[in-house]
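In the part that follows, the structures are each spelled out as structure tokens.
The same subunit A turns up in both complexes below, where it pairs with subunit B and then with subunit C.
Presenting the complex of A and B:
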């Protein structure tokens, strides 16, 4: 149960402060080292320089938002495709034993290939643009979602399935009323893992696709040509924070709204 | 039963390969882009034999990648276990590094690579460093969780009976946390493998499977690209079966910590 009131607000603020503190300490020490002249190499810019850069990129012409929105668009399309396809294929394989025995081993072979290694294949087949990146995002999320959907449905209590069957449920009804709720914990784990993989695949795909000019991955890659270490740091910061925000914001919210609310998961 | 389990997956694989080969032969698909099983085989064999009296190009690529993965995994594992133990036993260290790890973990290795290229240059130093970092996070995280799960009664008992801190660590903490540590190792090494291949795409000077695939893609030698991916699958599969299986059998299985 979430408690609303000054106390929960205080503890929330406290945990935020506890989370931010280590970064402040690291940045502070680093800043001191640079200011004191112990670190002079331009390859190690001071945190203040990085923040100023972040500010200039985020305001004015707003290049940063263009990069970020392009990335998020690709992520949304690719991830939506992978969630749809993963849930569908996972359900199919979990419910059809012969199909599962045919394809599950192939799936585990394909999982072992780093998503980024498929990018050259897509570059050859789909060209150097958006489609390749979206395909990489799709593939990044797809396996984790499929795998966890299969596992979740397999773990549904056999008795519940039998009871539903006796009472005449089958096919889509059985899926919606018994299998889906029963496997939701695992499916959400898959969705959560999936968005992490998809996010990483997105950044890698953007770096490798030559014909796209916007995106967070591209921003870092372009910085390489100017040896612009400051821009690289800004890019890495954005990637870390956005990845975290996607996980905590979107997927945690989804978990709270479903399985925690329905009491299927004790908060740990 | 296991007979059926072995044979069934071969059906779609065989159908797929035959279909691929036939559509390429009859030029229903563009063989320059999609290649074909026989072309892949030919390209890989050529890559193996071309430089042969001195060295096989293919094996040198594979060897370079495996060597990098090995070194990176070694460094990352040692650092990860030490970091995990520190985080698991000391509250302040944990509170400090928990947020740092949480933010740094979702950053893919390939995105860190440009920075390390500037610091360390192209080639092994960058690839191994980024690989080691990728290995470190999951191992440290899981080791810390494992160490924290240790029953404090056991620790107190051991200390009372005169065990030193190092002694307690080795004979109480590590066996107890072994399950966690092992799943950390699995995750960490898998990540190490992926990261090394990915970073080789942009940071390798001349060798490595990642470099081989990327180089072939730039010249649209699709046979080598597909062949490289096939090799990635087979090598990973072999390593996983050989390494992780053996370690599990020797430790937590033998100690009866998982159901077999």
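Presenting the complex of A and C:
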């Protein structure tokens, strides 16, 4: 049980500190090695140099925010599409046995193709701009969400369905009242995996799409032309932190508000 | 079997007199076979059983005898492969709110509160949210869970969960309450308490109960009539009326007599079951 009050606030602060500490230690060591002259290669800039660069990119002309907001826009559109389509198709395949048997082999074949391998195809079909990147994001999230939705609905406790049916629930009511909440553990896993894959596909897609000039992926790629390793590290840092923030901020919150509150992660 | 005590005669305006059954559940030559070909398992065979309205009937038998399967057939979760089951005169084809079911593992919806679980059946059967709420509250009081209306099931103990299970199955006023080893997962103390409370509830609500157990003590404590099943394929071996006034004491002489006669019937079948099992192992 999670407690409310000062203790839970303390333990929360503690867990944040526990998470941040390893980063501080590694950054500190790294900084020391550079300052002591043990690392002289320009390919390994000191953390302080990276932070200064981050500051200049984030303030002033504000290039960083333009990159980040373009990326987040593509992610939002692509991920929303993949969540919608994945939940819909997953539900359909879980409920229709014949359809599932028809599509399951295709799905398991496609799921093993890395999304980035599709990008050249999209570049030809959809052009060198936004649409290709959004399509990559969509595809990145789509399979994980579809697959986990199917699994979730298939694994709903049979007695929950029986209980609902004997009490008079059927059709869409049965779906909304039992099948959906009953499969939420698996669906949320799919959404979580999906946003991770979508985020990776986004960065890759941005690098490969020539007509795009903004985006975090693009920022790293362009830094290559100026040999700006520091800007690359800033980009990597932003990608890591944003991905984590999306996971913790959005999906972790959803989990807490639903399946964790209902005790579905620990018992049936 | 016409003319038995539970049939009543009804006179029509044209002078005809017909015999109407007052049995709420009638099973006629009910059989259930699972699987096909070599993996066929006959779970039930030629079960004939009639349950009068308002009776508390306990089904007992060796494990694997199909008594739970029979309960599933009455619930409509499964269809019989032979014969038919009538509920209040019409054949059972699917699950429906004229029956309530209490599961051994509770099967409460973890995403709904106690109140939400008990309201579920009411909301599916035309009750307004407001009426459903107050009616559900009455049933929560009946099972002594007042104060826990807004708790989620995972925060409750086993006994409390099963109280919710009983309230949920009774709240929408089914004709029959089907209970599948409902106290099997509880500790001895809680189990005894729940048996007493169930009898209280049954006496207040006057519902027909069909109760499956493998505990003879439990059967004799609860039942108006105990129906003993044979080992697989399960069929009715015998029926023992329990004419002991309630509340019953485990130490009464009459109580012990009945317990022995049920045990005698059962023992034969348990041995048969064990023998059949060891034979199939040595084959």
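The criterion applied here is as follows: the second predicted complex is superposed on the first by the 250 of 268 C-alpha atoms of A that agree within 3 Å, B and C clash if a C-alpha of one lies under 4 Å from a C-alpha of the other, contacts with A are read in each partner's own complex, and residues count from 1 in each chain.
In this section, a contact is a pair of C-beta atoms (placed from the backbone, for glycine too) under 8 Å apart; a residue touches a chain by one contact, two chains touch by 3 or more.
None of these values were measured; they are calculated from a predicted model.
Chemist: Determine, under the contact definition given at the top, whether A:121 touches first (subunit B), second (subunit C), both, or neither.
Modeler: first
Chemist: If you stack the two complexes on chain A, which partner ends up touching A:181: first (subunit B), second (subunit C), both, or neither?
Modeler: second
Chemist: With both structures superposed, pick whichever of subunit B and subunit C touches the larger number of subunit A residues.
Modeler: Tallying touched residues of subunit A, the top partner is B.
Chemist: Once chain A of both complexes is superposed, is A:157 in touch with subunit B (first), subunit C (second), both, or neither?
Modeler: Second partner only.
Chemist: Look at A:199 in the shared chain and tell me whether it touches subunit B only, subunit C only, both, or neither; answer first, second, both or neither.
Modeler: First partner only, subunit B.
Chemist: Have a look at where A:113 lands relative to subunit B and subunit C in the superposition and call it first, second, both or neither.
Modeler: first
Chemist: Contacts for A:52 in the overlay, against subunit B (first) and subunit C (second): which applies, first, second, both or neither?
Modeler: neither
Chemist: Counting only touches as set out at the top, which of subunit B and subunit C does A:254 meet: first, second, both, neither?
Modeler: In the superposition, A:254 contacts neither subunit B nor subunit C.
Chemist: Which parts of subunit A are in contact with subunit B and also with subunit C?
Modeler: No residue of subunit A touches both subunit B and subunit C.
Chemist: Mind pulling up the subunit B residues that touch subunit A in the complex?
Modeler: Of all residues in subunit B, those touching subunit A are 4-5, 8-9, 11-13, 33-34, 95-97, 99-100, 102-104, 106-108, 110-112, 114-115, 117-119, 190, 193-195, 197-198, 201-202, 210, 213-214, 216-217, 220, 222, 225-226, 228-229, 232-233, 236-237, 240.
Chemist: Mind pulling up the subunit A residues that touch subunit B in the complex?
Modeler: Residue list for subunit A touching subunit B: 18-23, 25-26, 43, 98, 101-106, 109-110, 112-121, 123-125, 196, 199-200, 203-204, 207-208, 217, 220-221, 223-224, 227, 229, 232-233, 235-236, 239-241, 243-244, 247.
Chemist: Contact residues on subunit A for subunit C in the complex?
Modeler: 157, 159-160, 162-169, 173, 177-178, 181-182, 184, 258, 261-264, 266-268
Chemist: Would you pull the subunit C residues touching subunit A in the complex into a rising list?
Modeler: 75-77, 94-97, 99-101, 103, 105, 107, 109-111, 120-121, 124-125, 152-155, 168, 172
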